[in-house]
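In what comes next, subunit A is part of two complexes: it sits with subunit B in the first one and with subunit C in the second one.
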Partner chain A sequence: MERELTVVGNRMPMLDAAAKAKGTAQFIDDLVLPGMLHGKILRSPLPHAKILHIDTSKAEKLSGVKGVMTGTDIPDRKYGIVPKAKDEYALAKTKVRYIGDEVAAVCAVDPEIAEEALELIKVDYEELPAVFDPMEAIKEGAPLVHADVQKNISASIRKEFGDVEKAFGESDFIFEDTFYSQAVNHAPLEPHGALAQYDPKGELTIWSSTQIPFFLRRNLSTTLLVPESKLRVIKPKVGGGFGQKVDMFAKDFCACWFAMNIGRPVKFIYDREEVFIGTRQRHPVYLSVKTGLNKEGNILAQQFKAYADGGAYNSTAPVMITLMGFFLMIPYKVPNLLHEGYHVYTNKPVGGAMRGHGIPQARFAVERQLDMIAERMDLDPGEIRIRNSIHAGEPHPAKFVINTCGFVDTVKKAAEGIGWAQKRGKLPFGRGVGMAGGSFPSGVSNMSHISSGAVVQLGREGAVNVLTGAADIGQGAETVIGQIVAEELGVLLEDVRVTAADTGITPLDPGTFGSGVTVRAGNAARLAAISVKNKLFEIVSEKLEASVDDLVAEKRKIYVKGSPDKGMTLSDALKAYQYGDHPMPIVGRGSWMAPTTEPTTLLKENGNFAPNYSFMTQAAEVEVDPQTGRVKLLKMAAAHDCGKMINPLLVEGQLEGSVVGGMGQALYEDVIVEKGQVMNPSFLDYGFPTAMEMPEIEAIEVETIDPLGPFGAKEAGEGTQVSPAPAIVNAIYDAIGIDFMEMPVTPEKILKALEEKKK
Partner chain B sequence: MGKMISFALNGNKMAVEVKDHWTLLHLLREELGLLGTKEGCGSGECGACTVIVDGMAVNSCLFPGLEIAEKDVVTIEGLTSPDGTLHPLQKSFVENGGIQCGYCTPGMIMSAKALLDESPNATEEEIKHSLAGNICRCTGYVQIIDSIKSISEGGVEEVHVVAWKNKEKDE
Partner chain C sequence: MRLPKFEYVEPKSIEEACSILSDESSAKILAGGTDLLANMKHRVEVPSVLANIKRISGLDFIRQDNGAIRIGALTPLKRLYKTTLVTEKVPALSSAAASVGSYHHQTMGTLGGNLCQQNRCKYFNQSQWWRSAREPCFKAGGGICHVVNKKEICYSSYCGDMAPILLVMNAKVVLANKGDSREISLQSLFSGDGKTPLDTKKGEILTEIVIPEEALNSFSTYSKFANRESIDFPIVGAAIWSSVQRKEHRVSFTAVDRKPIRARNIESVLKGRDLSEEIVEEVAGLASKEAALVKSSNYAPSYKRRLMEGLLRSTLKEAMRRS
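Coming up: the complex of A and B.
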């Protein structure tokens, strides 16, 4: 690199942090339009039933009600985030499939009247037999959640790398274990909402708490039968998503539909209970892992089987079970793998993408089993991880291209951070340490052809405008993109204004999922900035009598490499540009997608999956109280290779949030469902971690400079979430000598296990 | 049924008609248009709606609107000076990464303010206790607690964390 970085790599507050601190940042519920109506949704009280008749007449007559709609009013167009797995109507047409399924919607002059109107809608149902467990649902004769899906298996995958049978034959040790990972709600603090406005010329605008404005536009277009050119999706501030806001929901559709039919703006805001029962959750999964190793502890083969409880609809089903399998191939070298995954319908809340998207469940099983194997083979858990690590530049069994890999370092540094050598197996009963590894793609490459665009504009005063479609949902995407542009143009972050996520203004972007934003949208913005810089440099090089390649832009100055005094200020450069009769503003465009020299369907052929891969190890220390069964996470040492950190303050924030999220999953959180009914749809009953449970967190950086990431960056948002939970459960083993095979590890389970152990 | 009540809102005395069933959150957001206070659950479980009433942090989504009669209410809007200068706590949250999505932020800052008004040098334990009713799904709390600690340990006099108040000028 020709010079020191001045913006990238710095701890910088988010661009919108002050507005959020003041309370002036506008979230969906803060938007108010003249004449705005309020919508509410009627949900099914039954897990599985035919809708015989809906009588809305009383609701329609209630004073203040402006509209009522049911499934019979809407076009016969199903939607879903994955094109080949569309199975959902905004409002149920002929049957309901879970408690919470949307049946009708009302809009009225205030939310209370809308609520009252819901009670006046009379629905006649014919209850149908229901099924609540995926292992029951796949049996012959089980009730079918969707009549056309046999055995309720709505998506499946069988993918083999290498020759598993042969490799098991050559293995010295074979271990087989089964695990269960529970349902977890994303619970973003901001409930989901939408506000739509229709302009009589035929233009429909919707503000939505969404992570994927452009996908939402597509889903709305195909279900409302409105062309995408007439549909504008705007993302206001979004109060967290974690994957729960990647789908279209009834509130989006119904807000649009009412706005179009009534001609007034309509807003829907879900209440907390609706977020719990009627949106998405992390898929509960039954997992079995069979691993074959040689005497040295090298993995020779792995066979993985997963049954995911998908609930009533698909959402991301095929993607989830695919990701789960492919990412068993990192961070360990698994020369032979057979992955079988099934997404099974049940009459329960719907599974969807949640931070890590299928991978945390798989990682829980693998990381737990690795520890159990280490114990049985008398190996150190850290050692077995290091021994099996993949390495940069080596041929990869699935043909992934790993340009940078700091995994081994993360194992060593996490171990050091937690005091592994002094503590593992050596602490008094009730105290223990454990670790787990992980790896994550920075967005996926080929399979979905996703790319991002950006436009950068430099005005005569040196102000920079960036247009990006990246959806900042609180992780700081706009700040990271702003830093990348500022660095490239040699301006300060405060000179940059980022306008984001408005399908009517900003370039295409797939949105926030798959941890691809920094690399994909960041690279697009960087290319746009480079294009601006090149135009300016051409003029400056004449003035300075230096070659373009020798110029450097830094801190609002442009100078010749190596001689900072031979240069001019950015403002003089812009003057020169303008007085040289070059048109202003200077505009640059960039588009980026991951290199695609590999096959485009990885399901059939092997090939690279992502532009780059992050690596991490988390090591936990826990204290288990044998009297109460309560587990306290004392410390988490988290070593993380996310490439070059664009903004360490934000990376740490992602990491710490993930540790506490992982702790929630390991110890407290569980969406409890009985006969299809969610029993704990509130923060209090659900078991949400608070500041009181917060452990000490040591964030340890293992920096690599990745050739494909902007300034060497890799993802830092989701990978952090895959290893905290298994690290904690592994530490519980070290503390009390009990292997827990399912989460959450509650006090009741601990006490019961301790009791049994005594016998 | 409604009733005319008077109270001080961010230092400004005012009188408004409040209906029996209105919560303080409803009064602030829907009637007075102060949208800085957020609703995350509406049932007293998340703290996003925290405001300060007579020095006490309360969940405004449960607090009856009528009960603020003759009381002193401070919301997030009351912390920033008229010239836009951030309150020390707001500034500290910004600088220390205490804010990600920002939805919990107004409530967090108000809880922190109520604590530090009362006990300016609060320890980490006290800070954690006072935030037990404020949920954050993004940050894992670390940078939030750092944000508050940097004030409580800073010993900076003027932070004493009294919001900008017109009232003081009145007096």
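Coming up: the complex of A and C.
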């Protein structure tokens, strides 16, 4: 760096923190338009059935009802977030595939009447045999969830790196274990909602709690048969997504459809039960891992097989099983890998992207097995991780390009943070420590053609306006982008206004998924800011009689490098710019996409996957009460190499969130399904950990400066979520000597296992 | 989720409230509402009339009278751990109140309401749409119990936190009916039928809880095991009352049966004996035999059995230490 950073790297509250704390931030539920109607969705009470007939006449006659729609009313266009895997209608056309599948929608003058109208819709079903377990669903003769998908396998992958068979032949030790990772729900605090308005010129505007405004626009366009140019998607404040809001949902489609057909604005808000049952969940996955090692404990080969229970529809299916396999190649050096993954339909709630997107399940299996291997080979779990770490600059077996890698440091620092040397294997019965590693891409560069744009405008008064398509869903994307622009232009964060995520105003952006926002949208915004700065510097350099390359912008001043006295205020510089007859405002544009050779070829040949990769280790200390089976997570030490931290406060927020998610998955959460019916679709019955369950969290910095990230940044979002759960389960082993192969590790399972151990 | 339509009334007296209950067959009493309103949103209770008794004076009190502690039914749970008389004389009642749900439940919820709460079941405490996937169960007006898949009775469980400690103290309750009232043992308030868990007569309203003087000078405690440290109903809750002088030890459980139960068999084994490690071990194994455990929640009966045993062991040991 030519100078000290003054905005990037600072602990700064989010730009909208005060508004959210005061309750003035506007979420979908806060938006009210004149004449607005309220919509509700009728869902199937059956797991698998043909729709014979729907009688909506009584509902239509109910006073206050303004519209009723069913699957027969809508165009015959399927949707899905992955273009190749579209298999869903906003409302079911001929059959329903899970309890919760959307059958009809109504809109009325108030939500109560809309709910009442749902009860008046009579649906005749012919019940079909249903299947609830993926291992049953792939058998010959099992009921088909989608008639055209044989064995219910809607997506599969078989990918080999190196020569696995040969490598197993050369291995001194081979271990094979099977695991199960359960279904959990994202449960963002803000339930899913949408509000649509149609204007007589034929323009449709929708405010949606979405993570990807531009994908939503595309899916709405292809299903409503409205050109994208006539569709505007606006993301207001979004109260969390975690991957659950990447898809289009019936509420988006139906709000638009009603608005177009009735001419009044229509709002849908899901209730909590709908969020649990009718949106998305983390895929439950049966996993088996076979690992071959030499005597020194170096991994020679891994064979990985996964059956994901996808529920009734694809959502991100092909992407999920692909990511799961490819990211077995980080953070450990696996010279030979065979990954087989299957996405299987069942008559159950739908799996989708969830913080880590397939990788937490795989990591659970691998990180658990590594600990078991370490025990069997008498190696320290930390040591076996360090020994197998990939390193920056080394040739990678899958040809990933690893420019920076702080993995070994994260293992060491997390171990130090938890007191590994004093505690592992040395604590009294019931207390234990455990760790797990991980790595994550900062967005994907291959596989899809995604790029971000940004526009930065600097006015005469010194105010900076940034237009970005990036979708802030509570993680702080707008703050991070604001900091990057402020840093580059040498202004304060308070000088920057960020306008984001409005397809009618802001440039294209792939939205919030794959942990790519900071690197992708951050780089685009930085380029736009540089473009503005260059224009201004050209004029300032004449005034100061200095070379453009020697100028520095900092804290609303521009000066010659090394001579802070030789300079001028930004205000004077802008005055000079305008009085020099240069047009105002100064506008800069930037577009960024990760360097890539041949996109979408990864399944056929090896190559780089992401612009850069984060690395992390989390170490847990637990206390297990042998009387009740209760596990108390005492402390989590989280070391994360996310490159340069743009805002350490927000990184810590992500780490804290990951610990809650991890302890939820490891100890508390499970979407319990009985014959296709979710038994615990409420905050009370589902039982997330609360503030009372929070452990001490130590967030540990492991900074590397990445050449591709803005100011050296890498991701700090989804990656944080891959290691906490296995770290906790590994710590339980240290505490009571029992290897749990499935989650959640409930008090019930612990008591049972302790009893069996006694026998 | 929204409330169904209902008529709302504010009776001025208990007599008036009792009349409303007698005259309107599906009228319900509203006190704190923490149980009733959630059930109404789920449409498992759809009263035509809600009679809010919170405006009736004289039902919110805690006092000692001839040795016995008398608590008005409308006393908020929070007050049970904010009132010196209770925290000093019946600390176990205070800690039981502090274990109910969340702070909000303790603020809104009343002692009478907590005792009279509805039974719970994983097939019952669900939305109307959710329940439409199955035949209506007994408790929702149908003719089957999905817990046991039989057409006998409703197997929903009583899950209140306040009943166990009051049961072991041999508490009584006062039921008012128009101008009249009767005092019965708390134990006999509960019917044991999940569908109608309270054995009250038409028009009766619980107005008062009475803790007899004899219960006050011995050790008692309520211990609750729940999924989390806040918010949840007990997976299992256990209370004991132990008198060294009388060599009498009483035990009760909640969330294990269709009503809160007194463990009479265990009590008779303990009768006349001093507590010791050996005796604790002897009776711990008997705990689960006291209850008819069924899968009415997402927790397995085998797990509840282990918890009953564990809670009995730990509470009895606490009694040994403390008395």
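In the analysis below, the second predicted complex is superposed on the first by the 756 of 759 C-alpha atoms of A that agree within 3 Å, B and C clash if a C-alpha of one lies under 4 Å from a C-alpha of the other, contacts with A are read in each partner's own complex, and residues count from 1 in each chain.
Here is the rule we go by: a contact is a pair of C-beta atoms (placed from the backbone, for glycine too) under 8 Å apart; a residue touches a chain by one contact, two chains touch by 3 or more.
None of these values were measured; they are calculated from a predicted model.
Student: Looking at the superposed three-chain arrangement on subunit A, would you call subunit B and subunit C a clash or a fit?
Tutor: When both complexes are placed onto subunit A, subunit B and subunit C end up side by side without any clash.
Student: Could you say whether A:672 touches subunit B, subunit C, both of them, or neither, answering first, second, both or neither?
Tutor: Second partner only, subunit C.
Student: Counting only touches as set out at the top, which of subunit B and subunit C does A:24 meet: first, second, both, neither?
Tutor: first
Student: On the A-aligned overlay, A:173 touches which partner chain: subunit B = first, subunit C = second, or both, or neither?
Tutor: After superposition on chain A, A:173 lies in contact with neither partner.
Student: Just checking: does A:628 make contact with subunit B only, subunit C only, both, or neither of them? Give me first, second, both or neither.
Tutor: In the superposition, A:628 touches subunit C alone.
Student: Look at A:191 in the shared chain and tell me whether it touches subunit B only, subunit C only, both, or neither; answer first, second, both or neither.
Tutor: After superposition on chain A, A:191 lies in contact with subunit B alone.
Student: Is A:271 contacted by the first partner subunit B, the second partner subunit C, both or neither?
Tutor: In the superposed model, A:271 contacts both subunit B and subunit C.
Student: Which partner reaches more residues of subunit A, subunit B or subunit C?
Tutor: The partner that reaches more residues of subunit A in the superposed model: B.
Student: Taking the superposition on A as described, I'd like to know which of subunit B and subunit C A:115 touches: first, second, both or neither.
Tutor: After superposition on chain A, A:115 lies in contact with subunit C alone.
Student: Contacts for A:652 in the overlay, against subunit B (first) and subunit C (second): which applies, first, second, both or neither?
Tutor: first
Student: What's the minimum Cα gap, in whole angstrom, linking subunit B and subunit C in the superposed view?
Tutor: Once the two complexes are overlaid, subunit B and subunit C approach no closer than 5 Å between C-alpha atoms.
Student: Could you list which residues of subunit A make contact with subunit B in one structure and with subunit C in the other?
Tutor: On subunit A, the residues that contact subunit B in one structure and subunit C in the other are 271, 684, 690-692.
Student: Considering the complex alone, what residue numbers of subunit B touch subunit A?
Tutor: Interface residues on the subunit B side: 34-43, 45-46, 48, 75-77, 79-80, 86, 90-91, 93-95, 97, 99-106, 109, 127-129, 131-145.
Student: With touch defined as at the start, can you tell me which subunit C residues reach subunit A in the complex?
Tutor: 1-2, 122, 125-130, 132-134, 225, 227-232, 298-300, 302-303, 306-307, 310, 313-314
Student: Provide the residue numbers of subunit A that touch subunit C in the complex, in ascending order.
Tutor: Touch list, subunit A to subunit C: 43, 45-46, 99, 111-112, 115, 118-119, 271, 273, 627-629, 668, 672, 677, 679-681, 684-685, 687, 689-693, 747-748, 751-752, 755.
Student: Can you name the residues of subunit A that touch subunit B in the complex?
Tutor: Residue list for subunit A touching subunit B: 11, 13-14, 16-27, 29-30, 186-191, 237-240, 242, 271-272, 473-476, 649-650, 652-653, 655-661, 682-684, 688, 690-692, 694, 697.
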